[in-house]
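The block underneath contains the structure these notes are about, expressed in structure tokens.
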Amino acid sequence: MNPINLTIFNEFVHERKNEAVQKVYPNGMHEAIAAHMRLQPGISVRCATLDMPEHGLNEDVLAATDVLIWWGHMAHDTVADAVVEKVHARVLDGMGLIVLHSGHMSKIFRKLMGTSCSLCWREAGERERLWIVNPSHPVSQGLGPFIELPHAEMYGEFFDIPDPDELLFISWFEGGDVFRSGATWHRGKGKVLYFRPGHETYPIFYNPDILQVLVNAVRWAPFSGSPNVTTITACPQITEPLEPLRPAT
Amino acid sequence: MNPINLTIFNEFVHERKNEAVQKVYPNGMHEAIAAHMRLQPGISVRCATLDMPEHGLNEDVLAATDVLIWWGHMAHDTVADAVVEKVHARVLDGMGLIVLHSGHMSKIFRKLMGTSCSLCWREAGERERLWIVNPSHPVSQGLGPFIELPHAEMYGEFFDIPDPDELLFISWFEGGDVFRSGATWHRGKGKVLYFRPGHETYPIFYNPDILQVLVNAVRWAPFSGSPNVTTITACPQITEPLEPLRPAT
Amino acid sequence: MNPINLTIFNEFVHERKNEAVQKVYPNGMHEAIAAHMRLQPGISVRCATLDMPEHGLNEDVLAATDVLIWWGHMAHDTVADAVVEKVHARVLDGMGLIVLHSGHMSKIFRKLMGTSCSLCWREAGERERLWIVNPSHPVSQGLGPFIELPHAEMYGEFFDIPDPDELLFISWFEGGDVFRSGATWHRGKGKVLYFRPGHETYPIFYNPDILQVLVNAVRWAPFSGSPNVTTITACPQITEPLEPLRPAT
Amino acid sequence: MNPINLTIFNEFVHERKNEAVQKVYPNGMHEAIAAHMRLQPGISVRCATLDMPEHGLNEDVLAATDVLIWWGHMAHDTVADAVVEKVHARVLDGMGLIVLHSGHMSKIFRKLMGTSCSLCWREAGERERLWIVNPSHPVSQGLGPFIELPHAEMYGEFFDIPDPDELLFISWFEGGDVFRSGATWHRGKGKVLYFRPGHETYPIFYNPDILQVLVNAVRWAPFSGSPNVTTITACPQITEPLEPLRPAT
């Protein structure tokens, strides 16, 4: 069986600007996630950051990527539109995409959703509990009935996203809010997961349950559908009908 | 009861360039639709075309529009991005949008969907039959079990759209194809309907069943939800929690 | 315009057995709801209770009912299967159904859902906050961004229901739980809403926001779709095809 | 890796009563499917028929079954309600269920759907073409853009089912009809697929594309979700809240 080719994109800005972040993620959040992924059988890991040429996401990399994890926050606007277009096309063509936390405002996520992806937020280190509401889904494998995070940034409704194809997790927050924290959509031949947890100053990406979700998601997200259906061609004309037409009258 | 303010956008290019089209729609497709809408109680009609300043869709018009019908085909690229942005924001804020036929490739529809919106097509005047697959939906009011069009352009799967919130019609085509011909999504506070029929050289917009669908859609599409939820703000921070937080430890 | 014919079913057992309940709802919960509905223009109200012949839901009543509200709890098993069958057939034929609170375990709701409809619960008078997650929906009209109930019974996930067609409200509970508190499905030509609030000892059915939701729901639920599609016939054979078939070979 | 335990249920009545059926499926349709499944690595096959004690579906068999395929037609009413209850509970607890063709009117499918599951039909050996409308789904793996069957019984809309969680195939029929031929739902922790093809007198279950769909479905359907969420318990009371409640006032 071929390994799953995973690329982890992190804008990697907070970690180099802010000491508090550096302490939690000395090599960047991508490396925290990558370290865990490298321990999993059948997953091959590559990292990409904003400062690389084409943000580390050139055509060859994208073509060879089965699943792309995306973390961004303060530098969304710096991501080149040309790269966003290529990532978008690759998702429609079957690449899985896992968008984490503040990635909800990334260009690629907003382009795939078609909405503002706006939400409410508060940074007060409050308790979060993610309840599983779709226990049949592979992304919840080995978990449940909930995941608890002692300290988290709050994201609250209304979260302006299209109705998910599958709603996986709903978060409860100490301060009185709720949030649709895990949701999937398919776009073309690609699968998309939004997963809420993952702030730069809380050690969320060391939490075993969160890592379990990410591993599950990486195993779920690769293309496994119909290769003979095209999704990104510009409206092919089919001159010859499959069935005979009535003679013109 | 206030009337529904309907704006009908038509790029209005075919009708001025092509004699065959002119014969079918001498005043443009928008006027064929508008004429029928003006006969309906409680619907107030305005038209907008590509050649008007801001395509007839400036902020005042959009603010005063409850439902926007969109027809475009050969001039999609000519639609100004700034207008598309404003229409998009207005949909998220509650304006209904009805996209017709070749409008599937319009900038606004693709932006709202997040996919390529590609499909297959053939222009051979073949028979189409639209089967109702959601008889509980107000857009199918007074119709069914199917609508028959003696001559239509074929649109075939795979139609690269997100899974509809509601699938209303599935088309059968003489030449052997099927198509998801009526589908709805909500985006923010706005409702979106894609409705397939409506070619420039077939007299589709004089067909009583098609007109019935359009009237139903115009009555269904206006905002009727929660005015106190904001959808286009850029992530408001909520400093004060609704519930007391545990003291920091 | 014809009035909406609303029938309110209440098992009406708690109110006659328990003094605390009687104090809150001296004439039964149905009468509390009915009193508010009678004030609304265009809604005609009838009540039905378990102790009536056929539970007040004979064929004539059902045939004349556009929307049925259902409250039950301790006497679910006493509801006659024959009545459940008739209500079920009437929903498939277009009657709207609004199931309240403990009605989640009623025979009719479980039959329509196909799942156990099980959930977790706690009766501790805790605070509940229902967040609107679909602000485009008519059932949320005039509300938002949330409804607050100072004291409520807790219902928690996992709520074993099919994925809703539309998820309208998510509840936050003081004790740490969340719940999908408002959800719709269509079944055949009928619309179904499950709405969580409504315990027998809390004065929930006097809360103006809750009553607003119920009025919205009663206006949304009546049949407004395609009358020419049949949903409860047993598989009609269509001998004559709409299109000519190839000669047999 | 453990094998997938597949049980194939066939009522096995037509094949013993009707010579034409016997000729096509001398050992029954279940054996035609089973023969192909036995060739697949990692699938362990068992068959069950109506005439066995408890229809071959006693508690031990169900507990050891990861995926159940169901074919029934003329003897739906003969299936014992007690067996249906057990199969239903097992689906909610995570067993995958694949319902074929005329199984749409089986007790178990109707119980899981909550609707009449009625449809239109015609037996005229006409051509069917199943178009893939969700190319991201594992059940469409290796196929597409369509599957063609030269001779098939027609099933036509309106098919009275709940909106599918995922719509996979739409059929075109020579006689002018369409049908939602592949659709999934989850119920509790279990996955359900309805797949239309499979008549007793056409050699559908020898068609390589149909067999491919069935193999894909058997690999997709087993439980892979959250084992710690219960779906069939009757509403557990949770006395101790996860969070401290305000003191009663």
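Just so it is clear, A, B, C and D label the chains in written order, and each chain counts residues from 1 on its own.
Going forward, a residue touches a chain if its C-beta (ideal position, glycine included) is under 8 Å from a C-beta of that chain, and two chains touch if they have at least 3 such contacts.
Here the structure is a predicted model, which is why all the values come from computation and not from measurement.
For the pair chain A and chain B, the fraction of shared interface numbers is greater than half, so the two copies use mostly the same residues to meet. Note on interfaces B-D and B-C: more C-beta pairs are in contact across B-C. With centres defined as mean CA coordinates, chain D is found 36 Å away from chain B. Note: centroid distance chain A to chain B, computed from Cα atoms, is 30 Å. The centroid of the Cα atoms in chain B and the matching centroid in chain C are 32 Å apart. Multi-chain contact residues of chain B (touching two or more other chains) are listed as 127, 129, 132, 134-135, 145, 156, 158, 163, 165-166, 174, 176-177, 186, 188, 229, 231, 242-243.
Partner chain B is touched in their complex by these residues of chain C: 94, 127, 129, 132, 134-138, 140-145, 165-166, 174, 186, 188-191, 223-229, 231, 242-243. By the touch criterion stated above, chain D contacts chain B in their complex at residues 129, 131-135, 145, 156-159, 163, 166-167, 170-173, 176-178, 180. Touching chain C in their complex are the following residues of chain D: 92, 105, 111-116, 118-127, 154, 156, 158, 160, 162-163, 165, 174-177, 185-188, 229-239, 241-243, 245-246, 248.
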